[in-house]
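Per-chain residue numbering starts at 1, and chain names A, B, C and D are given in the order in which the chains are listed.
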C-alpha cells in the first residue's frame, strides 16, 4: 500500500525535502540517504531543502550533506531556511540598525546578512536604539532571565518581532523532544497578548518563497513539477497542500507507520502520497 | 502628523487597496473615492483591490467601482480576492468532483471556476461523493442545521476543508458588525480540534499571490514599488509588513483617529505610514 | 479488567451521576438503568444527578426518571444543574431586572427563579434596561441574527454575561453531535476577545456546589463518601478529580471501550475506576 | 467617584484580601497598610489573605505582616493559598509517594504537607516511581533543561499534573513583570496538547474553598457578609463575582487610575466597587 519513493520521484523534476525526519535524525544523516540523493541528482532531479531550521546559515547546513563522489549535494542556494524570510523582513522593515536576538551566535547570521547589527538580548542596555527583536533559536541564552527580558522590552517599546522558526518543538534523541523557539514565542505572545511575525512551514508563504527561489534556478518551473517530501503532517504536508503542490509523507520521522491513518484523520491533513522513507 | 495620501501615493507605481473601510463603507463607495482613483489612474498608477471578500466573483465586484468618465476602475483582473486562492487550492487538491459549500449562490463561483460542481451542504445526501467542503460566506444558509451538518460530515469523512475568507467579523452599518465565515470556521475547527485551509489577509501568501498577479500586468515589478493601503492593522498592515512591502493605514474604517496609536501599541503592528483617508 | 459498577457503588454512600451517556442516550433512559437506580436507593444510597443541562428546570428533568414502583427516583432537589449556579450568579450580581437570553422558553426558568425578568434577545429593544445576557441553550432562537445581536449588544454595553452550560457540543443520535451553547459562547467570546462567566463541569466549583447541596440532605458528608460517575473524561472525570472525590468512568457514552486507554493517555485525565456501564 | 475603602469595609464582617498590589508591592508592605489592617481588626473585622502565591507555606507568608502592637495580623490559618488546594488534590489523588516538582525548595511544603515526598524534577531518575508532577513556582530550577524534562516525562507516562498558581505573570519591580509558573504550565500544556489541574483565582473553586475555610472560623458566615478586595480584574474580581460575593477593585496595583474604565469595558469584568487603595 505504501509507494516506492524512487518510483514516485520519477514523476517530478523538482523535489523539496524537509531535513529532519527525512534526511537526518538525531544520529546524523539517515543510512542510505546520501546514495538516494546522488541517484536523484544523476537522474537530473533538482533538489532543495525546505527547512524551519534557522540555527545557522545555509552554508553551514550544506556541510552535513557531502557525498564521497559528488561532493556537496545541497550547495548554499539549494537550502531554503525560514531564516531567509526573517532576514528579508528585517531588511525591509527595520529602521534602527541594532536588532536584539535570542539564539546561538550562529543564528545571528540572519540579522547580519540583512545588513543589520545583531546583539544578544542579554547584552542590550535600556538606552540601546533597538530596532527589532528576533527570536532565532532555543539555545544560546539563559531562558529565565532572557524570556523575562524580552517580555519587558516589548511592554516598554512597540517594535517588530520576528520568529525565524515556526516550530513549537523539535526531536532530539530517541523519542525525546525539546521546545523550539516557536514554542517560546507562543509563551511570550500569550503573555503580551500580541502575535509576532513568524516564518516557516506550514505557512504557504514559505512555499511561495521556495518556489520563487527554485524558479530562479529552474526556468519555466510550474507547481505541478514539484513534489514536497516531509515527515510531519502539520508543517510539510499542510503547507505543501495549501500552496497547491503534490505532497508525500515519509514514515521515517514524526509520523509513525502504525498510526499514520489515525494521524491523517485526526488532523484532516491528507498527503497525496505515503512512502516508508526516501531510502527504502 | 498624518500624511496626505495623494502625496504618499506619488512614491509608488503600484497600489494595493483594501475595499471595505478604504473604498467603501456600509453606505456604498465613500464620497470622493472614485475621483481619487481616477486621478491616480490618470497619473499612471497601477491599482489593485486586495480583498478577503469571497461572496461573489471579481467580475461582479468590479461593478461597484464605475467612474462616470473612465468606466470600470477595476477590471476583473485587478480584483484579487482570497476566493481565487481557494479556487486554485480546490483545483489542485480535490479528487471527487462535487464540493459541498456554505455560502450564497454567488460565492459558488469559486468552486465552479475550478472546474468542480458546487452543491449547498444542505442539499448533500450521505451517499454523495463529496470531495471537499468550502466555507465561502456567512450568508445563504441556515446556520444552526448547516453548521451542525458540517461538523458531522467532517467527523465521518476526512476531506479537505477550505475557508475562502479569513476574517472573523465584518462591519455592517454604523458601528455594528456581523460574524464572517472565518468566525464560523473557528467554531467548527474548535469543535473538531482541526485546522482548515484558510485563505486571505493577513496571510503573507495572499500578498505573494497578489504580487505575482500584479507582476503579470506590470513587468519588472519590485516589492518596493508597491504600497498596501488598508484600514485594519490586523489584516492589511500585518500581512503587508510580513510580505515586506510598504504599508499605509487609513483612519477611514476599522481603526479610529482617536486611538490608532493605542491600537498600534496593543497589537505591535506598525504601519509605515498613516493617513486620514484616501479621499482627504 | 473492568469493574462491576454495582460492587464499586457499595463502597460509597453518595453517588453523583452524569445524565447523558450514563442514565440516558438519544433514545431515552438506557435499558436497565431504572432498575439499578432503584436497587441502589433500596440499599440506602443517596443519588444525585450532576448535569450541565440548563435547557429546563430540575422539576421537568425529574419526570424522565420515574420508576414503576418507587416513583420519581430524582426529586427536584436531587438534580443539580449548572443552570442553578447561573441563577445564583444572576441573583447576586444583576442590578437591572431584565435579563436578555438565548435559549428555549423553558430554559428561562433559571432567570425567573432568580427573581428577574427573562426576555428573548430577539425581542429586546435598544432602549430596554438590560442587566445581563444569559446564554442558556442552543435552541429556541435563530442563530445568525441572534448571535450577531449578542455581539453588538456587548460591544455597546458592558454587562455580565453568564453561560449556563459549559459544554461545547452534545450528542444527538447515532454518532452525531450538535453545537451546545458553550460552543456558541466560545464563538462570541473569541470575536469580542472577552471571557464570560461560565458554569458547569469540569469546573470544580460545580462539584463544590453539588457537595454543599448534598451536605444539606446528608449531614456529615465527607468527600470520600462520594463517587462521581460519568462517561466523559474531560468534564465528569476531570472535574471530579480536581474536587478530590473518587471518579468512575462508564463506557456507555462518549468514551469507547476500544480506545479508552488512548483517551486517558491523550488527555492526561485518569479516572479512579472504569466500568462498562451502570446497568451491566 | 472613587469610594473610601474604610467606609466600604464597614458594611462587611469578613474581608478577603489579595496580597500583591493590595497589601504589598515590590518594595514590601505598602505604606499605611499595616495600620489600616490593625484598625479593621480592632473594629472586629475578620481578615483573610486569598492568594495565588504557592512559593512558600502560609506560616512563612504570615511573617510579612507583623504589626508593632498587634503582632501577626494574619496567623497561618488566615492565609489561604492556592497551594493548599494543590496539596488537597495531591493527597486525594496520588498513589505513588514521590512527587516530582518544579519550584523553590520552600514551595515543596505543599507536597510534604500532603504526606508525600517532594523531589526536584532535575533529580528524578527514569526509574523513580513518580506519582505526579507539581508545578509550584517559577524559580528554583533551570528553565531550559527542566521544562524539556517535564515535557518528556509526560510524553512517557500519564500522571496527574498540578499547577499550584494559576497566574501567567507577576509584577517584580517598577513596571516590570516576570513569567509565573502558570505561564510555564501554559507552554507545557500547549506542547503536549493537554490541560493540567490548575488551582487559584479566578477559579470560583478557590473562593468556595476560602469560604469554607472562613466559615470554620466565623460560624454562620453568609456570602453577603464578605468583600473581596483585589487589584486585578481578571483574577480577584472575575473570580469573586463568579462566586457571588461583593468585589472591590483597588487602583494600587495592576489596574491603573487613568484607564480602569477602559479595562473594565475591555474585559467585561465589573467590580461592585472601586477604591484608590486600602490605605487612602
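Assume contacts are C-beta pairs under 8 Å (C-beta built on N, C-alpha and C of every residue); 3 or more make two chains touch, one makes a residue touch a chain.
Computed from a prediction, not measured in an experiment: that's the story for all the values here.
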For chain B and chain D, chains touching each: A, C
Far-end chain from chain D, centres as C-alpha averages: B
Chain A-chain D separation of Cα centroids, rounded to whole Å: 41
Mean-CA-position distance for chain C and chain A (Å): 45
Centre-of-Cα separation between chain B and chain A, whole angstrom: 28
For the chain B and chain A complex, residues of the former touching the latter: 88-89, 91-93, 154, 158-161, 192-197, 203-205, 208-209, 223, 238, 241-245, 264-268, 270
Touching residues on chain C, where the partner in the complex is chain B: 138-139, 142-144, 147-148, 151-152, 155-156, 168-169, 175-179, 183-184, 186-187, 190-191
